[in-house]
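In order of appearance the chains are A, B and C, and numbering begins at 1 in each one.
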């Protein structure tokens, strides 16, 4: 812009910004107002679809792609926070701060999600004070909250305080035509009695991701039976979303990125047309598909894990290797958009980075289309 | 006599400086500003510059490969003719529309090559939104401006001349037309670039001149070379903190290939979130990007005052860059107050208070920013170290600045928050949980 | 301490106690137990057991006394199986196998390599790595003020990539060796006290990290 009204030969900075943006948005119409917590990779796909320049980092709402392709509009959205691993504040204030940041994110979503899901490992060492602290912080979430338990919450008192605070560890509910199941998928065969371990020792053993003394995670026969009964009445056409702390498949045993009876659980889910599993525990972007089941990991708010040396599902596009100086890198929260057909797009709200979106179409196409942006630095 | 930052009384340091033959600084008698916006009169500035920079050569200790990369730019290799032309242009007030301002007005030789103001003032007394960075050592940065929108000194020089609230020429042709009033220019341009005066070469020439403004001979450099007496014990402790508990080194790295104290990246350290409803602003910008059929509306938003606070985001549109500004250099930081992109931090104690408490909480805050739990003594030590980064040619200004800042800081520390700094309250706690936050122990009732 | 040695000590201790009994040490009559017993003390001078004077001095009884003292000692010295426990929990990579060298060598410099030599090399090397694993997995041993240990971000030393050092480490603003990065992590994410380069813990941490990366080619300077 200039005062004389003539286009200057050398443009001012601001004019160049404007023109750059205009170039990107040329051809895109009918954009809806959405929350700022939305996708950039969706924008890339949309921009590519209309032949705009290859701007990786522009910012558009999720549903632009659908509007452009004429697909059905999304059904609803829910947000998630997971793996906060709280100590009490006087022991470690950093994890507390990071959970508060996630709650701040979720409360600032506009519009608000239908509900917020907590993915497990609220406490670090399963102590009553840690769980109570987490409960107090999560109370300030504005949207309705559904909880799931992780191994760090359970193995000090075998779930006693968790049940008092949050109710049963496995349950199901229906929401807008989708059947949701929440599992307790971090059962472990008793390794502590024979060793004469105290509750604290048992918890400390389980708390070590790489501690081989503990058993592999499993859902266990009784709960599988509960699941079977729960799903009996659900028609195969009903979309199914399963929450599980352990991945419900077998990724890497030494780190308990593993569910020992995964095949049995998957067998129960296989008859459904559309199944999505959302899991915690792995603290990273993780994507997998087994048969008709789509799997997505949830980010942690406490610390990121590196990628396992073996067993990484081929569909997974890694998140960028975290920068150790940035104590928030590789962490965050996120949201899940459930389409009318019941499949989901998973949004990873990585703190201080562009969000990463993994779309249902990416998984459905076996990775051939809509791939997320590759990282600059992969895990070693 | 009060201990100076150099570890010995100020009077002696002045004597030592005068004794040094070629690079002595002038004594700093208060000179009345006789140019607009508080700048020193241009002829006086030029005289002073002659005393400061007597020859063009790499400073000792700088990596020769790094030096070659900076100075041997294809198409603008540094030559004496280009330097001379650039210098003349730097001081030429014809480059402003009303003939009152030169580059040297806001990048004043007598004021640390900046203007000692929060935000710079352009023609017609228009106030901008950003603090003028120093021209000293700017050649060693990988991008120019607080948001890095100019990739080189050549590009940077050409922009303020055409900005309506800075130097105000409507276009390049008008700027060149103004210069044509001086008959010396065609000859100088011919000698420098072998062609008639043109705007791109103007940028190149100014860049060539700015490449001579290297000021890397600080007490820190002598200390790094092995002279343990070169920095005071406080400054030495400050250096240890800089590399350790205070975490400065992770963004403000100093080494022989990159000696000025920047990682050339962009970080939201929370300054942008301080003065206004920053998140509403960010949300506004993002929504505006969603409705941008309207060029004029966006244009207005882009140059509207508030949008400037979005920093690097305006250039890259990366969400991770919302409110992010370039890591500035730390060289000569003692004499280039005030600090940050909006000049809101007046003293280095204010800067330390800002970092110590973990910046201003906002959803886009860089994850490397967190409360540091530094004590008052530790803060003093880091400040002492920062003052030891000033080139010895400015020792008198540095001393004066130290005393002035110390006096200001003794009266008022507006950015200090000990509850946050010492981690009694954590960032986001009061925002999420309300004024009572968590209990002291962080255990639930 | 094995059981044979214990038994010998017990017999010695009881012999000594019996001797003391026979000497003219005045016993406070009010404290004397009814049937008479003696105190059997372990060589640590702390652990004791009361043994009745009437107890038949058979090997079986001696073994029971020995077991009792052993159990007490173990209970008050829980760390004596630290290495076993550490290996069971964290499975540290074993060092290179040098058995091929047995019987080779000559002259005074190396002598002839014996199986005991190979065993010593392996044990000592392995022990250092195992100690490193125990420090790596313990916020307390690292001096963490916030109960953070290395394995929280680096399970089994994953993503430590020691083969890429020395390299320019942006977080430090300079070229770093592995130990410099270890110390940076200790100071910042772990919030502990930095270790001196020759601190046994630092040396052990390096040993463990290198052990877990055995076989990966060196690639110094890799980002």
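The working rule: contacts are C-beta pairs under 8 Å (C-beta built on N, C-alpha and C of every residue); 3 or more make two chains touch, one makes a residue touch a chain.
Since the structure is predicted, the reported quantities are computational estimates derived from the model, not experimental observations.
A.B. asks: Count the C-beta pairs in contact for every pair of chains, then give the pair with the highest total.
C.D. replies: A-B
A.B. asks: Averaging each chain's C-alpha atoms to get its centre, pick out the one most distant from chain B.
C.D. replies: C
A.B. asks: Of all the chains shown, whose C-alpha centre falls nearest the centre of every protein C-alpha atom combined?
C.D. replies: Centroid comparison flags A as closest.
A.B. asks: On a C-alpha centroid basis, what's the spacing between chain A and chain C, in Å?
C.D. replies: 41
A.B. asks: Nearest whole angstrom, what separates the Cα centre of chain B from the Cα centre of chain C?
C.D. replies: That pair's centroid distance is 55 Å.
A.B. asks: Which chain A residues reach two or more other chains?
C.D. replies: If we look for residues of chain A contacting two or more partner chains, we find 91, 93-94, 323, 325, 327.
A.B. asks: Hunt down the residues of chain C that sit against at least two other chains at once, touch-wise.
C.D. replies: 170-171, 188 - these are the residues of chain C that touch more than one other chain.
A.B. asks: Among the residues of chain B, which are close enough to touch at least two other chains?
C.D. replies: Each of 247, 250 in chain B touches at least two other chains.
A.B. asks: Could you pull out which chain A residues touch chain B in their complex?
C.D. replies: 1-4, 6, 8-10, 12-15, 17-18, 21-22, 25, 29, 31-34, 36, 40, 55, 57-61, 88-91, 93-94, 96-97, 100-101, 103-105, 107-108, 110, 129, 132-133, 135-137, 140, 323, 325-329, 331, 351-355
A.B. asks: Quick one: in the complex, what on chain B touches chain A?
C.D. replies: That would be residues 145, 149, 158-159, 162-164, 170-173, 199, 247, 250, 268, 279, 282-283, 286-287, 289-293, 295, 298-299, 302-303, 314-320, 363-368, 370, 423, 426-429, 431-434, 438, 440-445 of chain B.
A.B. asks: Within their complex, state which residues of chain C touch chain A.
C.D. replies: Going by the criterion above, the answer is residues 88-91, 137, 146-148, 151-156, 158-159, 161, 164, 170-171, 184-185, 188-189, 223.
A.B. asks: Hey, which residues of chain A end up touching chain C in the complex?
C.D. replies: 87, 91-94, 124, 205, 208-213, 254-255, 303-306, 308-309, 321, 323-325, 327, 377, 379-380
A.B. asks: What residues of chain B sit close enough to touch chain C in their complex?
C.D. replies: 243-245, 247, 249-250, 252-255, 263
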